[in-house]
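Each in structure tokens, the structures are laid out below.
Next, two complexes with subunit A in common: one pairs it with subunit B, the other with subunit C.
Up next, the complex of A and B:
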């Protein structure tokens, strides 16, 4: 016992495994962001700092051609301001993905919150199965894409098809986030108090239960939004023409552009995720965590 | 839920079943007791999800199954098992299936193997900046496979940082050292995507471990390893099984990574290739059907015959 290996080294080895993995996961992210401001990366480290040329190219502020072409800018809306029209332009791919993901989140709210409540609040036969079906992804994006192409040949490549597909693929994350919130609430007491004060059941659900689960619902919505904006597999299979979803835009740059320009495209995506993570933490969660730990 | 499988049964059973289904609908429409009202609420709460599941999931999948046994390209007519004969008879598809299975199995074992010490350190040790570490480990969960592949190019590609540093130290040519676009590179890219997910699941399991028993074992003279082996591990075993099942499913589903690092043809990549010009729609349908049936059976059996806890 005096020479127990695990007593002497166990903790150091386990801690080392943690830090090595964190370095493996985070180092390439940091390097990518650094490289996005470099002119070239042919030596050991990127060189030629600091340039915003890659970012300008990716965001569509510089002229680009062919498969390396950048985002198009489209008018989002026009405001009549003091006799002149102020047209607000947005990057097309980014705005398109933001919109698609928001549509998916709206569907997820309508389908995810009620089923999470049913599983958290009530006992009924087959409850385990309902739970398993709602928290496990049914099929991966590739398979769902093939299925959409077969079942809805005309609809699958439209924005509507993409939104419906995203919502099914990301629904489990909404259900899990909301469910963990519901499980920390005294649902039965809340429901019974509201009912005894005369509220109907639908009114109880909508005006007492849902507002109380606000933080879980908001964090579920943010997680679903980020994952839908990043969805590549399903989009790759069903997308046909027109504005590309963001993930396809990223893939085009990773496969075709110079290393530093691809780094700028990927970094742009990182910044979106960082913004989402910060938002999540404001709502009271730690990172992408669906368990209220 | 119980109104299927009625076609082949005798007429009386069918009638009894119809009566039950009608009865169930009447209960839902006109509940009398409080229990029946509660039942109606449960049905109403599950209805929106069921509609989405049917419209976006089950109906499209049924169309895929239908085309996989069709005798014509692009139209669902007749019945033929040719596509399945190709799938199970052609050694090429057997190789593709084998590639998928060993890659997903290997990366699952490595990922869960790494996730156990990570979750252990995060939950048991008082580390400085623990919240930051949790955020950093969780961050890659939201990165799609294409970005994971790019991360591996940044580390181990021809211009990759690890490649360049190793080349500078050893004097070897970077192109000889770069392994991002190879099967080992693909393996590492899979692990990149899967470790954060496995860690998330295991942290949830660790949060429920009874630390009093561990302290008692330590006080009675058990070494840290003995404590882990005989006190902690039995408690987290259901979580580990659940993590293995979910991470293996993730590994099988990966596709974007393969679009960037196309060094090994696995099931999902071959499936997308079947959709290209000159390929076979029935075979694509059959591949999707086999994939769905396999993951479904595997998950159901996994949950039924182990004490796995699922629900990330």
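Up next, the complex of A and C:
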């Protein structure tokens, strides 16, 4: 008896393809993290290990405040300590970007969850249009950026403008994630059960509907946050002065400083994305859990 | 529990009529089956009693009191759905106690009452479980316990067994039928399954195109159907009928 070709090689080929794909996707990240500990990175592979200079610079531990400032750190406060001054620095771009992106996610939550709810729960005239319009900002950031500048000249070049822009730009991801969650659960029956048990509509929405959709809301928030924190195009067009959003900061460093220092900055950003993703997941799992309360 | 009366209830949507003058009475302690093909208006009838639909015309009365315009959260009705619709963000016991919490009952009393009900429904040890880890039949029992916890004026069951397999259905039918009879629950049992209606209900109303074709005991409906529609609808699976409650 001869085994068919697909049975003999099928599984191993699929496994191989999977490994190759994962390796291909991960390689640049691994290489970047490795390079951040190197002294030079001229060819494909970095060389001159191991140095912490790049990380020291990126993390604001460099010798002089001047060199720290060049990496975008700003003094948070300084204390007179026995003749010397201890200056504590924060990575301004980083904190700024994290804050901007979180602000965008907050707006997305407040606006996106009710839109997703309305579209999945009710039939109303113009439903198709609401659906289409909520997914429309999927247009590239450059286009929205220009349109935004023309439409709201007062908002441009302000942090608030960036927050609103990020939320607008990433809203489709929130709406789609939450909507598919709502559509996978018996929304009307859940709502009517809670109402019949004596909960008012707002209470039903907040204590039953939203917590039951937590996994969709959390994944929507993670996607929106990660995309907003790294949004380059829109930031490039709308931002004018003051603290730079992280994407612009990274771009500046990639073009202006050594590759290895840029690698450290990019690695740091990568780790922050991972950390925030894990954090949001955790908050999502815990925060909505009303068990035992 | 209470008498529930629908008087000449009419429900029009934009271009269709869902209910065309439906009059029904569910007496205290009685289970009334509402039987009919899909689209006959049986779910609209249930939702009208629950308060999620406001009739275009006609009245809904609980114990003689007009509740036609009372919102659902103030009607004190229990709902059990085919989809179970358990709250996944709460434990089984918290699901059951939800209605009591809304009524401001204290934590300890809620817990006791929930455990009592779960015990009665044979799932007493599941109070701390996540409802998603339960089987379909167990989830449906939790749904029933949750609806019974508020001691509703009327228990509304919307195709509660449609999602379950035949064997489980047969067992639950007998068990839950006996339980509802023992608790003297007033209920409206909506189903498209004539066998289920015949076994579970004291009386059955057969609906077609928004009108009541016949109301009577299962025996009356089966033996002397009022018209051709009723006889055809009820006769479909008749040879399998176990005449348990006749």
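Assume the second predicted complex is superposed on the first by the 216 of 293 C-alpha atoms of A that agree within 3 Å, B and C clash if a C-alpha of one lies under 4 Å from a C-alpha of the other, contacts with A are read in each partner's own complex, and residues count from 1 in each chain.
As a working rule, contacts are C-beta pairs under 8 Å (C-beta built on N, C-alpha and C of every residue); 3 or more make two chains touch, one makes a residue touch a chain.
Everything numeric here is computed off the predicted structure, so don't read it as measured data.
Q: Quick one: is A:214 in contact with subunit B, with subunit C, with both, or with neither? Answer first, second, both or neither.
A: After superposing on A, A:214 lies in contact with subunit C but is clear of subunit B.
Q: Is A:197 in contact with subunit B, with subunit C, with both, or with neither (first, second, both, neither)?
A: second
Q: Using the superposition on chain A described above, determine whether A:277 touches subunit B (first), subunit C (second), both, or neither.
A: First partner only.
Q: Which holds for A:148: it touches subunit B only (first), subunit C only (second), both, or neither?
A: Only subunit B; A:148 stays clear of subunit C.
Q: Using the superposition described at the top, determine whether subunit B or subunit C touches more residues of subunit A.
A: B
Q: Residues on subunit A in contact with subunit B in one complex and with subunit C in the other?
A: On subunit A, the overlap between the subunit B and subunit C contacts is residues 288-291.
Q: For subunit A, which residues count as touching subunit B in their complex?
A: Subunit A residues touching subunit B: 1, 4-7, 10-11, 13-15, 17-18, 21-22, 24-29, 31-32, 35, 41-45, 107, 110-112, 114-115, 117-118, 122, 124, 126, 130-144, 146-152, 164-165, 167-168, 171-172, 176, 201, 223, 226-227, 230-233, 236-237, 247, 250-251, 254-255, 259, 262-263, 266, 269, 273, 276-277, 281, 286-291, 293.
Q: Which of the residues in subunit B end up touching subunit A in this complex?
A: Counting only subunit B, the residues touching subunit A are 1, 37-39, 41-42, 44-49, 51-53, 55-57, 59-61, 63-64, 66-67, 114, 117-118, 120-122, 125, 127, 131, 133-147, 149-155, 159, 161, 164-165, 168, 192, 195-196, 200, 203-204, 207, 221, 223-226, 228, 249, 252-253, 255-256, 259-260, 268, 271-272, 275, 284-285, 288, 291-292, 295, 299, 303, 310-312.
Q: In their complex, what parts of subunit A are in touch with subunit C?
A: 186, 189-190, 192-200, 203, 208, 211-212, 214, 288-292
Q: If you look only at subunit C, which of its residues touch subunit A in the complex?
A: It comes out as residues 47, 50-52, 71-79, 81, 83-85, 87-91, 94, 98-99, 102-103, 143, 146-147, 150, 156.
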